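Heads up, the next two complexes both have chain A, just with different partners, chain B and then chain C.
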Partner chain A sequence: MDLLNAFVVLSNFVLIPAIAYGSQLALGALGVTLIYGILRFSNFAHGDTMAFGTMATILITWWLQSLGVSFGPLPTALLALPFGIAVCVLLILFTDRFVYRFYREQKAKPVIFVIVSLGVMFIMNGLVRFIIGPNDQRFADGERFIISVREFKALTGLKEGLAIKTTQGITVITAVLVVAALFYFLNRTRTGKSMRAYSDNEDLALLSGINPERVVMVTWLIVAALATVAGVLYGLDKSFKPFVYFQLLLPIFAAAIVGGLGNPLGAIAGGFTIAFSEVMITYAWKKVAKYALPESLEPDGLAQLLSTDYKFAVSFVILLIVLLFRPTGLFAGKSV
Partner chain B sequence: MAEAMNNQDAFLIGDTMTGGYGAGPDILHDCTVAVNPGEIAVIVGPNGAGKSTAMKAVFGMLNVRQGSVRLDGQDITSLSPQDRVSRGMGFVPQTANIFTSMTVEENLEMGAFIRRDDYAETMEQVYTLFPILKEKRRQAAGELSGGQRQQVAVGRALMTQPKVLMLDEPTAGVSPIVMDELFDRIIEVARTGIPILMVEQNARQALEIADKGYVLVQGRNAYTGTGKELLADPEVRKSFLGG
Partner chain C sequence: MSDTMRNTVYFAGIAVLIIGTGLVYSWDNAMFILNFGLVSAIMALGVNLQWGFAGLFNVGIMGFVALGGLATVLVSMPAVPEAWRAGGGGILISLLLGAATVVLAVYAFAKLPKGWVRGLAMTVILIGGFFLYRAMFDPAVGAVEAVNPAIEGYLGGLGLPVIVAWPVGGLFAAGAAWVIGKTALGLRSDYLAIATLGIAEIIVAVLKNEDWLARGVKLVYGIPSATPDPIELQNTPSFVERATGLGIDPVQASTLWVKLIYAGLFTAVLVLLFILAQRALNSPWGRMMRAIRDNEVAAEAMGKDVTARHLQIFILGSAICGMAGAMATTLDGLLAPQSYQPLRWTFLIWVMVIVGGSGNNLGAVLGGFLIWWLWVMVEPLGHYLMVLITAGMADGSALKEHLLDSAAHMRLLTMGLVLLLVLRFSPRGLIPER
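After this line comes the complex of A and B, so read on.
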């Protein structure tokens, strides 16, 4: 038995990737949950909003790179991120002005908004493929590792190595900063509180003189920023492919629903729940078991519960279990 | 009696209102309710008499097809509820009248949303009126008891420093002891000079504290008088107060 090496292997293949992936899902789910809480519909276009924001960031990154601009050891994409957010905000506000606002004025039912968002999703989907194409794009540059396997082994003398990619570090730090800023905004500022009030009790918010159009606009601003940040972090960590972003919709919605739709804290918890489940269920535990268990108990096979090809099934199953036993999510969410 | 109460010049008056929700049938027929500074006016009547509807008409939540609503001499019949709030009307709905997921203090802050000046003093006044709210200021309003929630709701409406306060069944669903306490608080609010127009199920207790009472039946004024007069009126006693 060698628990230290077991823990290093576990960290390298499960904990660190799941924390990074969980942060990305949490940021995505926060956007979905804000839309649900305040505009009161499930935004199916969220995955493609992420794709659009990321695409804008990538194009600006390439342009910066062509000018010879770099961010030292950090990816140039971080410099391009604010501009990517700005472009995404423009598209989102344009969409709201010319699509969603029409249905708001009609006082359309939430289910109609869902279908409308489906239409927006297809348009954005097409737009992204039209501009950047359907292929894989890599745009990460700068230092690849904070600590590589070889450095770690030399440092600790352990048999197993541990690598932390720069993008993983950036993901976690950015996610923490963004979430802290978001919660400060929602809980401490007048506008943020008015958003929570509007989400809590629309009629009373109107009576209190809160302007719904302003609340909606600020919500879209925040959602566009969250979606772009989540998309860019995911793209840096893995790669950018429009179809993959569309597919992210499932784990993101699962995260938001598991945590309780409309509840920001729940979205974060949901993001990590889904990420950890996905990674742990599709990971081959043989190597960890080899170190952690006595030799007589060592597994013969890979000890992998599910092939990675089926990772989406994990989100589905968790979603089903939660909906069966706690329909409003782990944290009290609401249902329209 | 109605003439004796000098309705026409009242501070807030819904004058001979006829109307209903949207394009639906008329619910109110020539209905008049009014209140003056320092007064508590109470609207009572049997179920379905249009009590809440009369109050909502005064607040602009339904179509008043005939008659008018005047605040401080100005015709506000065509204003939206939001505009009436900025003109100085405070309204406490019967249900869903607090932000349950927000703290007591945040509820009060949201009440003061339209104010751009410093409202700390008003908040202190609300805390003086409702000491329990100060104690629970950091607690989510949804976790409070029924009576405390009603105090939050009234406090929220007071944060705009309204010129008139309208309460839709403030004692609905609270125990008799809590009801007495709420009425005491409402009298205290009235003593600060704010006119109060209130709809009440508990007719007898409400008329006891009322300077002015309106008994509505099927959307019409059936009896009008001071609270004492109505309590003493044998007709009113027989029909609505159980003898």
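After this line comes the complex of A and C, so read on.
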């Protein structure tokens, strides 16, 4: 019984939040890794792309809410999501046409692309703050819990409760669907295959008649969609604040690199690695230990390895370890 | 137009901008722009050393700047003897213990044969060391933070003159740069970027959370100034006499005088660093650096140790940023870790270097002043623009209100636009590399 209680506490505070957070990071890292694979640069504007897509979704959600539209127990934001993606796609294609394409034609070095993406980052960040302001926005509505602590306790008779937020459930389900669709697209469709070919060997792909501009456009489409979905899920789960999205850049990059830059499967693995380490290292284990260990071994303090403010340090240390011992990441990525 | 002519025109333009700000707004404002412009120019010099000379992509400038700020506190604030008695020794011992653990783990990694024994030994050392460290560290920190928490609650500093903190800030940054450089240089440029981005966030997180070190988000106020105190000046008859003789209000005169002294000190540092950077650029060492930047493989074939040179210049550039950080904190008179924002302290410096002209020291200085002026002035100018745009709209309309409120966020938009426009139409900057 005690062990069961320990497991419930563990699930409630570590496993479920980490799975949700990991899915969000994985979606973000997929975007970064795709850009790296196809366009061959690290996109610093990714966090702000997420913020922009989320902002568009939030504005449409508010509009829908003002019309009295709702999605039953699910958040209205899910209805707004496709429109949010469309807006984000428009902005991204606009940036590609007027900013990145010029450098592609010049065959500029990757680091120039990175600096250009810094400029795009500034502009997107400014746009978001300009339109919606720098403050916290909550836009989750509908049913709050799939199962709440009280229901769970009544159901099982355990001393500890387990709560699964609707947003956590939605996050995981959406992430699975999106990832499945993405992998189907990359592995089974003609366009997806041409993207992989282009990523593997640009010259050979060009030689076999693949249109590079088309590949790039499709990549941006997918990236905009992934970024918006990741951003909206994160915002539903926590809250939307432009600066936080900018800061997500670090764990997302860490996830992409840990998994192996340019490798979609690695991005997912990396996302979960980072999320689980972050949550586990900053969680106070006292409550779990109380149930799992005999009384004599119970810790006095909170048994928290690091305070939550150091969660960046966790992603960073993992990143460093991987860089030192396996520079291409867990799943061999590119090392251009 | 010759190069000298063009550069003179550029810098005259900067002078006009700053003096114009003084005339239109206030001299206080102009001096603020000038002083932080000097600090920004020094940071831009440091980044230019890394990016312009050696092609290293460092996006962790904020971290080095924050270390400089920390140095100001640790050097210039008076020590808190009570806190030292309460837990100073404990903290020092536990930090040494932590360092010993890492050293031991690295030693074990180097000496033991590869295999599960090594993995096990390292795990035991690291986990055991960590718990030992926490067992020593936590009570000591608790004791220190309990000492007069409203104004102290930290160990304090050495009580030395604040100017000493400037080189010390450089040393701190150099130390951090050595650690990062050792691990991340030699890998691909993207990895260095991410690693520096991460370390900067961590340094700021440490400053925010380790209250025993520099009071965290509770701020350290009243860092001793490098100049005479304005209040004291106002009470000095000779100063008041001179000020009234010039027809300036003594209160205003005293703050302006303080800022002028800072401007003089900062200018001296900037000129010194500029001369050094210029000499380095034109020395055989500078040529070697540019050779490495332009073609690493060829340089390596010529027997140049690329990784060691990269490490060297990475440390030098970071040290300059650390020094500038210490100067900025001295000017502010307080250390506020929450004010360290990457957009302001890292990416803005990048805009300065790119706009000014990467690879050219004069360009970096110009970019530092120009972009800093723009950063400060976009807000009021943006407000005028918005007033102009919304002039035709009905009063009290939601859009008008929103546009007026949002003028403050024009900054980032403008910076991004400037960066992209310069990259597109004048990729080598205002004063290109020769």
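In this section, the second predicted complex is superposed on the first by the 335 of 336 C-alpha atoms of A that agree within 3 Å, B and C clash if a C-alpha of one lies under 4 Å from a C-alpha of the other, contacts with A are read in each partner's own complex, and residues count from 1 in each chain.
FYI, a residue touches a chain if its C-beta (ideal position, glycine included) is under 8 Å from a C-beta of that chain, and two chains touch if they have at least 3 such contacts.
All values reported here derive from a predicted model rather than from experimental measurement.
Look at A:73: by the touch rule set out above, it reaches neither chain B nor chain C. By the document's definition of touching, of the two partners only chain C reaches A:250; chain B does not. Touch criterion met: A:99 reaches chain C, while chain B stays clear of it.
After superposition on the shared chain, chain A has more residues touched by C, the comparison being chain B against chain C.
Of the two partner chains placed around the shared chain by superposition, neither chain B nor chain C is touched by A:82. Legend: residue contacts after superposition of the two complexes on their common chain; A:194 is shown touching chain B, with no touch to chain C.
Applying the stated contact rule after C-alpha superposition, one finds that A:309 touches chain C and leaves chain B untouched. Once chain A of one complex is fitted onto chain A of the other, the partner contacts of A:130 are limited to chain C, with no touch recorded for chain B.
With both structures placed on the common chain, the touch criterion links A:205 to chain B but leaves chain C unconnected.
Contacts of A:299 after superposition on the shared chain: neither chain B nor chain C is touched.
Residues of chain A that lie in the contact sets of both chain B and chain C are absent, per the superposition on chain A. On the chain B side of its complex with chain A, the touching residues are 81-82, 85-86, 91, 93, 96-102, 106, 109-111, 113-114, 156, 160. Of all the residues in chain A, the ones that touch chain B in their complex are 190, 193-194, 196-197, 200-201, 203-210. Residue ranges of chain C in contact with chain A, taken from their complex: 55, 57, 59, 130, 138, 183-184, 187-191, 193-195, 197-199, 201-202, 205, 208-209, 341-343, 347, 350-351, 354, 405-406, 409-417, 419-420, 423-424, 427. Those residues of chain A whose C-beta lies close enough to touch chain C in the complex are 41-42, 44, 99, 102, 110-112, 114-116, 118-127, 129-131, 133-134, 243, 246-247, 249-250, 253-254, 257, 261, 301, 305, 307, 309-310, 312-313, 315-316, 319-320, 323-324, 327, 335-336.
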